[in-house]
Each structure stands twice: as structure tokens, then as C-alpha cells.
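Lettered A, B, C, D and E in written order, each chain numbered from 1.
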Amino acid sequence: MTSFRLEKKNLLDINNIEVIYDHVILVLKGISLQVAEGDIVALLGANGAGKTTTLKAVSNLLQSERGDVTKGFIEYRNVRIDKLTPWALVKKGVIQVMEGRHCFPHLTVEENLLTGAYTRSSGRKVIRQDLEKVYSYFPRLKDRKGSQAGYTSGGEQQMTAIGRALMANPSMILLDEPSMGLAPQLVDEIFEIVKSLNQNEGVSFLLAEQNTNVALRYADYGYILENGRIVMDGSAAELSDNSDVKEFYLGLSTAGRKSYRDGKHYRRRKRWLA
Amino acid sequence: MEFFLEVLIGGLLAGVMYSLVALGFVLIYKASGVFNFAQGAMVFFAALTFVGAQEKLGLSLWAALAFSLLLMILLGVLTEKIVLRPLVNQPPISLFMVTIGLTFFVEGLAQLMWGTKVYPLELGIPDEPVATTIESLGLSATNLPTVLQEINSFDLIAAIVAGVLVAGLAIFFQITKIGRALRAVADDHQAALSIGIPLKSIWAIVWSVAGFVALVAGLMWGARNGVQFALTFVALKALPVLILGGFDSVMGAIVGGLIIGALEKLAEVYIGPFFGGGIEIWFAYVAALLFLLIRPEGLFGDKQIDRV
Amino acid sequence: MFYRESGQLKTSYQEDQALLSITQDRIGLLLILIGAFVLIPLLASDYWFTAILIPFLVFSLAALGLNLLTGYAGQLSLGTAAFMAVGAFAAYNFELRVPGLPVLVSFILAGITTAIVGIAFGIPSLRIRGFYLAVATLAAQFFIPWLLVKVGWFTNYSSSGVITTQPVEIFGYVFDSPVERYLLVLAIVSVLALLAKNLVRSNIGRAWMAVRDMDVAAEVIGIKIMRTKLIAFGVSSFYCGVAGALYAYVYLGSVEPDGFNLDLSFRILFMVIIGGIGSIMGSFFGAAFITLLPIFLDIIINDGAALLNLKLAAGITSVMQLLVFGGLIIFFLIVEPLGLARLWQITKEKLRLWPFPH
Amino acid sequence: MTENILNVNKVSLSFGGVAALKNVSFQVEEHKILAIIGPNGAGKSSLLNVVNGVYKPQKGQVIFKGKTWKNVVPYEAARSGIARTFQNIALFKGMSVLDNILTGRNLKMRAGLLSQAIYLGKCQREETNHRKAVEQIIDFLQIQHIRKTPVGRLPYGLQKRVELARALAAEPELLLLDEPMAGMNVEEKEDMSRFILDVNEEYGTSVILIEHDMGVVMDISDKVVVLDYGKKIGEGTPEEIRNNQEVIDAYLGVAR
Amino acid sequence: SESPNTDSVVQDTDASDTQFFGVAGYRVGPYGPNGAPVATGYLDYLQMLNERDGGINGVKLTWEECETEYNTSKGLECYERLKTRNPMGPTAIHPMSTGITYGLIDKVPVDQIPLITLGYGRTDASDGRVFPWVFPLLSNYWSLTSAIVRFIGKQEGGLDNLKGKKIVLLYHDSAYGKEPHQLLKAEAKNFSFDLSMIPVPHPGNEQQSQWLRIKKEKPDWVIVWGWGVSTATSIKTAKKVGFPREKMVGNWWSGAEVDTLAAGKGASEGYYAATLNLAGDHYPVIEDIKEHVYDKGNGGDESYIGTVLWNRGVAMAMLTTEAVRNAQAKYGNKPMSGRQVRWGIENLDLSQARLDSLGFGKMVPPIKVSCEDHEGSGLAGFQQWDGGKWVSVSDWIQGDSDLVRRQVEESAAKYAKEKNITPKCLGE
């Protein structure tokens, strides 16, 4: 089930990587995936499947968690990047939005956003413009720009984290659970932003997302992870049509959407892997 | 009254000397959220290198200065490379501990390189009342108030140096984006990495600057007491300053130093006799502690944020 | 292959909550205890008892005390030596002023006295946190020895401020020889370590860790922060106090307030951090590392030089010791920032998987 | 008619210039599930914080089980039967899952310090009994396999579940849940919903739930309160809310 | 510059027929600068004896140095280690620190190792009937205190002139600093001078407030009872507040080159200090050391030679080896046991003539030890810093030996009672 999208150039190529935490905990057991230039690729899977770990392997943040890529390699624009430092990657245009917000609590919202532009050498004016752009995406942030990020609400922090990454003017964003904690309206807006960045500025996305519904609506391609392995991949449309995906990730049974009240207690779940 | 003023001014000036040392702590804390235990050892290392280079290598004062500065920068860069880099994103206590290991190492290294002797350190700054200095310049000091005439030239110059240093650092952090980045790093190493703040160079820079500050402090203190192992103890004088002013504030280091210096001296002179003296050793700490009960983050420190 | 828990099924929660639920661990501990109580007394020399084993045990106890406070309850303290001083001088005064008091009782009373002092100095922790608190605890570190020097009564007006401890006597039996003293310390330390282990695996221990990890959340689930922190200071100081009394009575025989200086406090903190913060066993590892390593380094460097017929410049050996010691601390922390105990745990986890890598 | 377990009465709260809550009132009936929804920064979490005493409102009262909170601190709230989970996970990172959940039973433990140190007898019995209770919760939430894992190593979703377990361990009468399903996929949300419903049905626990997934909110809550910019802009059954124009404008966007 | 030194290396002669010396010194840490010259001098002298005389009466000397860092628990470890290093153990030990001394006092009678504490340690141990194994040779703190008072009296033109004078004791705020209090108070009463005591908190690197107080009190004399960095700081701060250095007297741990040099150029001129031994390298014994040790490239740091503390190390070694020689006269020319050396020390009698023949001349005062008097001299010398070196400014001065003796016996008796010791002479 490899990619059929030969017509597009691979921007990011993850080749059969294995990740071990703390020298003993094997988390990724050989993962290969590709992100083509200008694509939005969704990484789906249950809690603990290894989505975040995959993203961190790319952005090289694993080292700081005592994790290690022990096998395989990762290429960006056909150049190995697994030995690069995170900031070298950011300079190359690859940036990650971390799961769980990770704002700088003592910095104000605006300072948080500005740190995002650290690697850029553009003048103040350009940065100012980008800042305004982020504010226009998230007007709520403009209201709160003077407060320390640590005191803002969960959603505000999420917006700050995303806005901060945008300030780096990246060409590829690794988005970890962008919709988490955001109001439904905003979820749509975020994905609209993703779409517009993708279409207007050619930014590619690799996004880990639990909100499969939305993710598949905006993504071009998707991979489903389970237990550190890829169990299925395909174009977004293919995946949306798959009956298993429908049932387990979209919450749609043949009878249409079912109520959360009707969930069964000890029901057997389908797993691709034994 | 005059005596009071003299004690007060003496205290303020002593406080400035504490600030010099405290500044080094502040820098590292700002850049990593870590209390750098090795700062005292760095002061010792810097001063010993400076005199050692003069005595053993026969360098001139300026050459020795350049040499020791170079060595401090090297030390900073190596510390980043060997010690800090593998410990990104580790709990502050681990980083704190590693600075303790560094302390032993630096102390050992300094003594290995330059021996364990005591050296005098001459900077050529007159150590005499201002009046005398002014007169030796051929000017008249008679219209200065006596209290001012009595101030020691050396202390005054130390104060000026500290002032310049503080102003310089404050401006540096204010106008360069490094200042903001530092605070970001101190808040969350990993997030800082994720948005491309180059921890490597930031830490190397900050440790080098801290090394420079240590050199300045080492020179000043060394000129006072001679260069010897006991220089590492000056760190103890800086700690109350640090908590009073706030761990992460350059301003705090100077203001805290002034307050602590003055309080300490006044207390020793006016309260000490009731306790048989020697209260200086704990007074600064107790005073700082009491203040912290009111403001747990010190005068200018960033408030700890806990929100659920 | 040998370190496996598979096949060891537990049939009750009680069993699962037992101190050592894996047979191999139980056997291991038994072996250690047999070694410590039987073999070592048979084999070791006086040098080993007085210069290595006794101080190792005493420091382990102090480190254990600090670990309860810093490792479990998350309150960084730099005043350990001062609390040890309280313990030492309290025991001395109890013995002095209550004739015939069994020394064990004095030790316990000293512990309790220290606990009270510790609680008093713990009060600021309710407002002050982290490194601020650590520096603030230095107030205790400087104030207590100052007070002990200043107030002659504490030292029984000894002109030099030095006290010489009374004989270690329990019901007429005097612990005199190094072996006896070693066994006495060993027994006390074993019992206290067991009690500490019990504490940290029951409710109070969990409350400590909760406060350490996130105090707001702890309060929200119904943990009284103030009480928890003060108990931590109290219990920790109790341990440090007893350690201080042992330090004076069993190890040195005579102490002065200035002996309980900042250096000692730091040394004990190093033990906690190197050994493993938040680990009872780690306290022992740390004490071993910090007390034994310099001695071995000294001997190795000296004898090594002699063997190689090297003429080392005077003082070089001492300096080399510092260098290597600092270097090793850095090395170990880079390998494992959570200390030797964690390193040990990882080794065990690997053993469990062995011969498979994961 | 059922009693109100909680009455929030004209509560206002502001931080410096930011008004987080403006004159908000609502009630929670016993045994019911109340959902609070609203845009980001509307004041939902702050409202929970007021209910369990983390924040003190400048105006208004909170009446719990007929008693008015006066200067309540979180500890007392916990003692009188309120447990909660947090939006930004607030687990005890250094402890295992089991220990985390056991801390939830802290209020019910009686053994003294000495007894805990000696551990034999009373303390051991107590530990075992509480362990049994906790194991039931573990079974119930299906987290047996991670019992002894340090929580720091768990994926986000599971941490949320452990947090719920910790709250349940206190056997609360009122459970406050701040976005318990954030970061979960549909399947996991189904499970979580099931758990919440079961707690509510089996133990009669009242629940206040903050959640952004409208599907969940509409399906499992008995009543919905909508906040916007600190003001209550709507209240009613899920059906009523779904059709409330003001709510649609402020929060839901296109009605779905 | 530093040339290699075999200090730390065990000599490789057959251990059983050598005389083994354990050296617990400190060369690193805050007091390293003070400790290094002492240890160097000690070892240089032993080495010289081996080279020049083949040891003592044909018995080769061996030694091992152990670093204590001036830290009590390290010192105890050193002691225990040195004990195991030779079948006979170290035949006398200089712990070089008061803390370590106290730690060893109860141990040495059991191990039968004489403890020599030259000018430090436990003062009342001068009563050999209570402390048969401890020897505060030459002089103790109380004799020193009394001698300092006499020296000041002399400067003032007679002890009577002390009346109404104001003297400040500036002391390191520790057990060590408290040593002179009792005696000084007694002397103040005797001579009706005005005494005030001002503590300097450890480590003493900041003394502004102390000196402002002194400046305000305008004393006639300041006695400096400092240690390590605190002495240099005292001198420096005195200069700063304009207090004349010629009105300051340090004790013998506050009067070495390390102190005056560290205070910086022009700060220490005129400063007085007591001493156990005189500085200078013009003694024949030093010529011998240079010839037999340094010229063969075996010595320590050459710049130490002739300094106060290096000379003190040499003197310490001489007193120890002379005790061995003394014991050999009684027990035969073979390695002496600790017990035999103890006898040797207790019966040590070095007249000026003997000192001259040893090449020490006036470097140390004559000494005659006895069971009652483990001090043996009670004399103190006084030197003044002339900007480049220490210059002797008086003969050996004896304090009020009756007063000192009374207090020693009183204190020793109290200790004996506490410890259930029946005071008696040990004899052989």
C-alpha cells in the first residue's frame, strides 16, 4: 500500500524508523510515510499510537525527551535531517506545533508570538505585518496580547501556540492536535487557515489529529497508526469511505451517526493488529 | 548621624560588590531556569587565571585580561557543549546538580593550572578615601561633604563598574531579541527548541557573558582579599541578594545588593552588639526570607504562575 | 533471564502492595542484610568500620532524611547540616542533663527536637518555592550554628565550643569497638529506612509526591498542603536529627557547631541528587558515591602513581581528585539525570527483557 | 422535583481588567449532567474554579448542598464532595497511575503518621481496602494494563482518563470535568461518555461538564449553559440550545 | 615554579624496619594556601634527614601524606587509613586542624599514637596527666593570648601603661575564635584595660561593619584572631578605614606571608603577628634542606622556603624526629612504636645548644616537655611585616604562665571528671 502519488515530489520522507524512549521503551516499530510537496497529510490513530512521537522524530525534539531514532532515516527535500538540530530545521522551514500548547507562561501573548520569529532575519516591519496577520486569524489573541500566556484560557493558549509557529514563516508545519480544546467554530477556522496557507502559500502539513472528521475533510492523504505501526493509508476520500474508519474514527455506523448515549460498555473493538 | 551615614554608604558600596556576583547567577537563571552553583567557582577561576597569567606566563595586565576573558569564553562554550546540551529539558534540579559537578571540576582545574597559592591582585585602582585620590590628581576636595570625602575610591569604582555592567546587560536584553528568547528558554526548553531558538548558541553566549561577569567580580573581589580559594565564598554573599531582588532580574541584582548591603551593615553595627555580634552571617538571609514571605518571587522576579 | 517477574502471580492486593513483590528482589535484600549484619562484621577491618562504613551509614541516613523532604515532598533544602547539628547537640544535652538516659532514647528525643525545629523552619515553604526556598533555607543553615556557638548553654560552656560526646551506652552495655558501633548504626539505619519506605508507600508519601508534582491539584483533591509540607519538614528533620546524633556519637565522638557547615549540607544534597531524587535506595547509592568515591580516588591516584613510579607534584593528587570527582558527577548526570537509582532501575528493566533488546 | 445540589448565584469575577465572569447564575440539579459551553476564553474554566474554591468571586455566592460557600478553599470543597479534572492535565507526573488514583482517596484515609510508618495492622488493612476500591475504578475505566506506569509516560488521552479515575476515587457528589475528551478520537469519546453516564446513573453523581464537542454535549447532558465573554447567554435543554440563535452566532457557527 | 616532589609516594624500603610518619595535611580548599607550605616543610625535613643522615640513627624514615581539605570527617578517614599503612602505624600524628584533633583525642589512647598539635587543638591538653597522648607542643592558645597582651604592654612601654587602654579582639566567629576570650577577660581585669570583642562571621571576606565599629571605638590595639581569607581582609579593611597597621597584632595563624601578601601592596606594612617560629632562610638546617633535597630536584615549591608556615612545618618535623631520637636513646636504635615515641616526646628537652647543633638556632624556642607540662615552652615570638618579609621584633615572650596553668588544670580536671579519667602520669 505505498503511495500512488508519484506525480508529486516528496517533501518529507520518513523511512522505516524505530523510536525507543529511555533505552528500553520501543514506541515506533518501523514507520514509513511521505508528505508530498503541497499536501496536507493526516496522521490518525488512537491514544498512544505514536503520532506525537512520529512528529517529534521529524522535528528532532525526541532527544530532549531521552528518545532515540534507532533505525531508519528521515529526509526533507531529499536531504537527511535526522541529525539536524531543531533550530536548523526551523531555519529550513520545518516547524512543529507541540501537543499540549507549551506556551511560555511568563511571556505575554504577544511576546510568545514574537519568539516564533526568532529564526527570521526579516526586518521589524515584515514581522509586524505577520503579527497582524496572526491577530487577524485569532482576534481573541489581540484582546489578550498583553497578558502573560500562563494566565490565558486553554483555547487562547492553543491559538497562541499555533500563531507562534506561523510567525516562523514555515514551509512545512507539523501540527499536533490543533483542534484540541478549541471551540467548534474555531476548529473550522483553524482548518480554513490551514487550507489557505496550503493553497495560497504552498505550506505543507503533517498533522496528527483526533478529530478525524475534520482532518479527513481537509487532508489530501491519511495514515492510520496503531501501536507504533502504520496499519492503513490512503487518500482522504478512500479512508472516509472505509467502513472500519467510518465506524471507529468517524463514529458513523451504517445507520448514520449514533448517539454517544448508545455506546456499549464492553464492546469488542476491531483492531487491525492482533 | 555622620557615623550612620558612613555605615549606610559603606553598606551600599559593599552591596554593590555583592551585586557583581549576583549578576552572574541572574544571567544563567534567566537563560535556563537554573541556579548555577558554579558561579562562585567561576569567579575564582577567572581571578586566578588573571593573576596566574601575569605571574606564571609573565603577561602584562591587559594581555592577562584578554587571556582570562578568552579562557572564560572557552569555558562557557565547553560547558554548553559537554554539560548542558545533553541535559536539555531535564528537571531544574538535575541541571542544578550538574552545576555542582561543574563547581568541583572548575575548582580543580583552576588549582591544577595555577597552583594553590594566594596571590595579590593589583589593578592599580587607588584604595583610599576619595578626597585623597582627588587631591593626588591635583584638585581640591574640600567642598565635598565629609561623608563623601571618606568614601573609598576603590568602592566607588566598583560601584561604577557594576552600574555600567547592569546597564549594559539590561540594554542588551532589552534591545536584542535574545532577551526575550532567554526568558522563553527558561520557561520551557522544549517549546523553545520547537520554535527554533538555538539553545546551543544562546547558552554558549550566556555562559560566556556569565564568565565575563565572573571575571569582573573576580577582579574586584580579588583586589580586595587577594586571589585565593576563599573567593568561591563570595557566592554566599550574593545569594540573599538574589532572592531578594528576584532570580531573573538584572535590576533586582543591583537593587537587592544595595538593600542587602545596607541592611546587613546597619544591623551588624546597631543590632549586632545586643547579640554578641556576628549576626551578619545570617541576617541577610533572614531579612531576605522575611521579605519573600510577602513577595515570594522577590522584588523584581517573575511571579510563579499556577493556573488550573 | 534471571530477573523475571513472569510466573509470579499475585493473588491479593496485599501481596501486590508488599514491600518487595518480586522474589528476586526479596532474595536480594535478604542477601544484602545477611552481608551487612553477618559477613561484614566478620570480614571488615577497623579501618573499614570507622572510616568508611560508619560514615557511609550515617550519611545515608541524613541523605534519606533530605530525600524525604526534597525528593518526595519537593522542598529543596540547603539546611541539612544545621538540622544535624540540632540533633547532635540535642542528644548531647539530653544525655548531659538527664543522667542515665539510655542513649537510644536520647537519639529519639534528639530526632523529635530536630523535627520541631525543622517544622519551624519549614513554615516559609508555605509561601516560598523552588530555588527561592532553597536559598531561604540557608537562613537556618547559618542561624543555627551561630546560635549554638553564641549560647554557651548548648555546649555546656565548653571554652572552645567543642563537645565531646558521652559513651554510647544502652542499659549498661557500652558500644565501644568499631564493630559494635557499626552494628548499632546499621540497626538504627535499617529500621529507619524501613519506616521511611513504609511512609512513602502509604498515604502520606503519596500526599508528599502530590504536593511535589502539582500542589494546586493536590489541594483540589483534598490534600492539606500546609499540613503535608510541615509533616515533610518534621519527618525529614527527625531523620537528619538522628543522623546528626549518630554523626556526633558514633562517628566523630566530638563535634563543634562549625563542623555542621554549608559544605556538609551540600554534600548531603549531592548524595540525594546523585543517588536518585525520590528514591529510598538512591539515598544509599548517593551516600556511597559521595563518601566513598573521593577515598578511592585518593587511594587510586596515590597508589597508581606509586605503581607507575610517577612523581606527582605535591597537592596534585588532591586537585586531581576534585577534577575527577566533578567530572564523574557530570558524567553520571548526563547518562542519567535522575540519578543512580534510576540507572539501576533501567538496568533492571533491561534485565527483565534480556536477552531481547526491547 | 429534584433538589439543586449546586446553586451559582450572580457570580462575578475579574482579573485586573479582564472580566472573566459577569453576573452568572445557574443551578445543577441532583443526579443530572450539566454542560457548560462557550467560545474560548468565555470563562468556563474560571466558573469551575469558582465552584471549587480555587478562585474567589468578587461578587455572588456559590451554594452547595444548601450551604453557602464562605471563603471556601479547594480543600474544603473536596471534603464536602466536589471532585474535578483539569483542562491542562494536572496529574502527579512522578507517580504511577495507581498512586495517582490512590491520592484521590486521601480524604478517606485515617491512619496516623506512626501507624503509616509501621505499616502493619491498621494501616495495611486500610491500604488494602482502598486499593480494592481503586481497582474497581481501574476496572471500570479499563486502565488495568497501565496500572503501574508512571503517568508522565502515558499518551495524552490516557492521562485524561487517569485524571477522571483520580476524581472518581474520591466518590464525589459533584464531579467537575473540564474538557475531559479533548484530544480523543470518536471511539475514545464514546468510551468516555459511557463512563460519565455510568457514574451519573450508577452512583447518582451530579456532573458539570465543559466540552467543545457538540455531539457529546447534546447527547449526554441534561441541561446546557452557554457562556460568552463571561456572560451567560443561554440555558436550557440541548434541544433548546441547538435552536437558540444567540448561541449559534456566538459559538456554534453554522448549525449542525 | 613547582618541581616534582615525592611527598605523596610511599617510600619503597621494607616497611617493617622503617620509621613511618603519617602526614594529614591540606593543600586544596579554602585553607590550602596555609596548609601547603606546612606540609611541604614537614616532608622536606624528613627527606633531608634520610638523604643527609640516612634517617635517624640508621633507621630510614617513610611517610605518606593524606589530604584532609581541613575537613574533620576527611581527616578522620585519613587517620584511620594511615593507621593501617605500616605494621607499627604512624608513630605520631599532626592532624593540622583543631576539629580533627578533637575527633582523635578519644581514639589515640586506644591506638597508642601520640597526637602532636603545635599551637592549635585542645588547650587544656597541656596537662599531660589527663591527656597523656596529646601534645600541644611549644605553646597553646592561652599562653599565646597572654603573650600577646605582654607584647602590647611592651609596645606601650610597660604593662602598667595598659591601664585604661582600649583593646579590641577581632575574632573569627567560631570555636577557634572563642579560645582566647576567657583568658583575655582575665588579663583585662588584671591590667585594667578596656576590652571589646568583635566577631567576624565565617569566612570573613567582608568586614566593613566590624571595622567601622572599630573606627568608631578608636581602640589603641586590635588583636586579630583570624584564619584564612579573614586575616587578609582584616588588614585590607583596616587600611581602608585608616586604622594603623602598627596597632594590630595577629595570632600565629594570622601572620604568614599568605595573609600579608593577599592584602595587597602597601596594605600590611607594620602589621605585627605572634609566631611559634621565626621566618627566614638563614638557618643552617635550611641550607641542609636546600642542599640535600632541593638541589637534587626533590623538594616542594621552592618559593615556600623560609616562609613562616614552611619553617613551621620544618620545626614540626624536627620536634617529631627528635622525639624519636630521644626514644631511641632509651629503647635502642630501631623503629619506635607509638608508645615509645610518646615517651620520647614527653621527655623531650631541646636546649638552645641542642637547637644550635640541629641547625635551628633561634628559629624555635628551647623546649622541655614533661608529664605535667605537654606544652614545653609557652613562648611566643613576634614579627612585623616590613613590606617584603617578616622581621622578628622581640625576644621570645612568656605569658602569665601561672594564670594559664591554673586555667589549664581547671579545665583539664573538668574534662577528667566528665570522662572518668584519673589524672596520672603514664610513664613509659
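We take it that contacts are C-beta pairs under 8 Å (C-beta built on N, C-alpha and C of every residue); 3 or more make two chains touch, one makes a residue touch a chain.
None of the values given here were measured: they were computed from a predicted structure.
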Trace the shortest sequence of touching chains from chain B to chain E and report its length in steps. 1
Those chains that touch chain C and also touch chain B are A, D, E
Where centres are the averaged C-alpha coordinates, which chain has the largest centre distance to chain C? A
Please identify the chain lying most centrally, where each chain is represented by the average of its Cα atoms. C
Cα centroid separation, chain B vs chain D, in Å, comes to 48
What is the distance in Å between the mean C-alpha positions of chain A and chain D? 28
Euclidean distance of C-alpha centroids - chain D vs chain E, Å: 73
Quick check on chain D: which residues sit in contact with 2+ other chains? 45, 54, 86-88, 90
Mind pulling the chain B residues that touch 2 or more other chains? 107-108, 111, 115-116, 236, 276, 278-279, 281, 308
Counting only residues that touch at least two other chains, what does the list for chain C look like? 146, 216-217, 220, 315-316, 319, 321-322
Mind giving me all the chain pairs that touch? A-B, A-C, A-D, B-C, B-D, B-E, C-D, C-E
Chain B partner, complex, touching residues on chain A are 59, 61, 63-65, 85-87, 89-91, 95-98, 102-107, 111-112, 114-116, 118-119, 148, 150-151, 164-165, 168
Enumerate the contact residues on chain D facing chain B in the complex. 45, 49, 54, 86-88, 90
Considering only the defined contacts, which chain B positions touch chain A in the complex? 88-89, 177, 180-181, 183-184, 186-200, 302, 305, 307
For chain B, which residues count as touching chain E in their complex? 3, 6-7, 10-11, 14, 17, 56, 107-108, 111, 115-122, 127, 129, 152, 154, 221, 223-234, 236-237, 264-265, 268-269, 272, 276-281
Chain D partner, complex, touching residues on chain C are 12-14, 16-17, 195-196, 198-199, 201-207, 209-210, 212-214, 216-225, 231, 235, 278
